[in-house]
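This structure is in structure tokens; I'll ask about it shortly.
For reference, chains read A, B and C in written order, and residue numbers begin at 1 within each chain.
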Amino acid sequence: MPPRSVPPPRVGLFATCLMNLFRPNIGFATVKLLEEAGCTVEVPAAQTCCGQPGYNSGDFDAARALAKQLIKVFEGFDYVVGPSGSCMATIRLDYPKLFENDADWLPRAEALAAKSWELLSFLAEVRGVTTVSASYAGTATYHDSCSGLRSLGIKQQPRLLLGAVNGLALTEMRDAEVCCGFGGTFCVKYPEISGRMVDEKIANIDATGADTLLGGDLGCLLNMAGRLKRQGSTVKVFHAAEVLAGMATGEGIGGAPK
Amino acid sequence: MPESRKAILGQIRSALRRGPLADACAAALDARLPTHTRIAFTDDPLARFIARFESRSGTVVRVASLLEVPAAVETYRQQHGLPARAAIARPLADLPWPADFAHHPGPAGKDEVLSVTACLAAIAEMGSLMLASGPDSPTTLNFVPDHHLIVLHEAQIVRDFEQAWALLRARPEGLPRATNIVSGPSRTGDIELTIQLGAHGPRSVHVILVR
Amino acid sequence: MKISSPQFKEKSVIALADPRLRQALGQSRKGFVNKRAELVGELPEFERLRDEARDLKNHVLDNLDHYLERYEAAVTAAGGHVHWARDAEEARCIILNICQRVNAKTITKGKTMVSEEIGLNEALEAGGYTVVETDLGEYIIQLAHEPPSHIIAPAIHKTKEQVSELFEAAHGGPRKSSVADLVTEARLVLRDKYFQADVGITGGNFLVAETGSSIIVTNEGNGDLTQTLAKVHIVTSGIERIVPTLEDVALFLRILARSATGQETETYTTLSTGPRRPDDVDGPEEYHVVLVDNGRSKMLGGKFQDMLRCIRCGACMNHCPVYGAIGGHAYGWVYPGPMGAVLTPLFVGLDATYDLPNACTLNGRCESVCPVRIPLPQLLRELRHMQHQQGIRPQGEQRALGAWRFVAERPSLYQFANRLAARVLGRLGGSKGRIASLPFARAWTDSRDMPAPEGKTFLEQWQAR
């Protein structure tokens, strides 16, 4: 970690729609981790959605409108960090594409993109975090969410960080890198195909014998937890941030509230 | 039909937002000498050729001289229980074949079971043989019979595709009608992905490697 | 070929319920995916080769007119004929005219996707010709009157037993059951056809401008028997398959088989250059190349130009989890999987193909294995954009997205709506923390529980600190 005489970076936390609504615990875990890594964290109240649903549905105008809004809210920070590879990939990679023909907004989009980070890669690569003080008694397997993996290169970072959690054993599932079938609106537009994809993912999870499923994207985790619970599985599902912050107590996503 | 040609070229140019290339540009393209990455390997080309060819169910036997080829063919023929007749490419016809061995220079007929051909080169990179069609090397000898025997001299083994292309370009008569690069016997996986040899081409390709 | 892409949803549901298809697709995944990964792992040059292949294809596309003219000149110098076809109908006419002129009766075919694209077999059969597919997979689906379900392994969806039945019905004779016996039977039956054929039609994996050669790559050798034994050899190929020189060919030969089937190389790579020479003793007397445009030149210079780099290896569909669940027939046309989801709307039109760009999670595994680095997810997104601009997207979805945008553009309204949802859904989740049934979210809750919110949103809790 950098020496304390350097002013701590000001991080704007991007909550993401799903975390904000479904699992605030991830947000608090994120703040804790960022503060432990020497950052000051602010959560702008005026934030909403990154625009990905519009972008992926072909409504580029809607995506641009929301992108401009987000850029305005966050561009004053040293970094923007969010607990989602999917949303942060939209900001990092798609915002510049959306404004490639806009001389005014392109530089702003590029500037924001350059300082936007998914949480786990931010901790590992920018803050150089290698140890955490958390414990977790259990065996976990990690699902590599597609955007984080392929758009942002997130693969080793979560594993390195989780490897430092006291008591946690990590085991790799077969086809960890294969899509779980969430895909935003895909899972409700093509539920049968999505159902097959999540069932294959769950079979791979079960084959590891792990009692815990971890990942870095709440959309995927909601999808897999939803199916696991429907099947009566006892596997607990958490976002990696919750485990790393020592806040993975209780039954996890889709389980009884604390 | 000339309208189609004109229309397609016109459509291409309008999509690329330009007219036909200026002469200088065209000449530059014609003079282009690509150098792409090649696959690096340190194995001896001969050893590599044999290993890669055999990994695809090809077989190789080594002999000391061309004169030993008929015996190698006879051994193969008896091993596989084949009748004493074959299509043999013209350049090999004058070797000391057994008196009772019936052969003709091709083309291969529907019931041809065995052929013996020469080749232009072997390519060590992937373990392949390059054969050029011609009156001395009818293409049907490479594909119709169940068993295809190829006489290869060690000196014909080149390292990679690029060296093989040089041989093709060096031919005064230009490229042959068919340049076959053969890397093993015919195979298919089209039924339940189960690999089966001898789909349509030869079931067995056997190289007689002459020092 | 009849387009059944509008029935994508129904066909995908039927495919999901087919246990034999599931088994076949699972097997093929293991084969193609694992073998490719092994070979790629052993080849340190592979990523660089992909870059070079992409750059070379881009170079060709930027100069496509030049290379096509050079290619035509070289084919003509070698004694062959080049025909230009703007669309499927012209291509069919050209081929029918050749067959008529030479009084053909039997036509053998090597595997060529372009010929399916232009609906060639139906036209030839309607013209009274006997057409025989010689690639074993294509032969099987020809007997079954089905379209291919994969561009490399067209009969991948068929079990041994199904093939056995087809052969018994078509060939007569005792029914074979082992793969070896079935292949031998096909070999014998097709051998006769090769020798009977008047015209042999093959594809062209690559067309070499330098030499005027067409290249086919096969494991079976069927394309070679097709072209060598017939009196006339016709090549059907898209205009984008040109490569400038033999050195460029070598580049592709180093990545094609590895990407397609996880083999270092296919068994036979053949360069065909013109008809038989005066002193040849075998080979076709005539050599024709039909260059097919059929929508390709329209893709140049636009957002979809990258798709023209495709070398039809099939790696994208081998690695696509959606294709891996439903197989190829649900896509409804010639080209399935990710590359089919891009090409079919472009060739056939957006109206009949709504589902193809949308039945995708944009997970990107296809792009990660494409040997010529086609940005398939981005192209699919662009197709969704075109659908949006043309008003093809469903009304319900447009209204929902409109509402979402309205709310998301107004932070206070957004916070309010989310707080409300958090309360309501949190209450519905109760002590279990999940909801088993939500009337407006049946598509989710029919097969999954919905994890319940905590009762308050994150932003709400944060502001209350």
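Simple rule for what comes next: a residue touches a chain if its C-beta (ideal position, glycine included) is under 8 Å from a C-beta of that chain, and two chains touch if they have at least 3 such contacts.
What you see is a predicted model; the values in this text were computed from it and never measured.
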item	value
By mean Cα position, the chain sitting nearest the middle	C
Chain pair bearing the highest count of C-beta contacts	B-C
Longest centre-to-centre distance from chain A, chain (CA-based)	B
Separation of mean Cα positions, chain C and chain A [Å, integer]	33
Between chain B and chain C, centroid-to-centroid distance (C-alpha), Å	29
For chain A paired with chain B, centre-to-centre distance based on mean C-alpha positions, whole Å	54
Residues of chain C engaged with two or more neighbouring chains	none
Multi-partner residues of chain A (at least 2 other chains)	none
Multi-chain contact residues (two or more partners), chain B	none
Sites on chain C touched by chain B in the complex	24, 27-28, 31, 43-45, 48-49, 52, 56, 62-70, 78, 83-86, 90, 94, 134-137, 140, 153-156, 158-160, 163, 179-180, 182-184, 186-187, 190-192, 194-195, 211, 213, 219-222, 224-225, 227-229, 239, 244-251, 253-254, 261, 264-277, 279-283, 291, 293, 297-302
Residue numbers on chain C that touch chain A, as the complex places them	9, 12-13, 16, 321-322, 325-326, 355, 358-365, 367-368, 381, 383-389, 393, 397, 401, 404-405, 407-409, 411, 414-415, 418, 421-422, 425-426, 429, 431-434, 436, 441, 443-444, 446-459, 461-463
Residues of chain B that touch chain C when the two form their complex	1, 4-5, 7-9, 11-13, 15-17, 20-21, 25-26, 29-30, 32-40, 52, 56, 105-108, 110, 126, 128, 133-135, 138-140, 142-144, 160-162, 165, 168-169, 173-194, 196, 198-202
Chain C partner contacts - residues on chain A that touch it in the complex	15, 17, 19-28, 43, 45-49, 51, 53-60, 62, 65-66, 69, 146-147, 150-151, 177-179, 181-193, 195-198, 200, 222-223, 225-227, 229-230, 251, 253-257
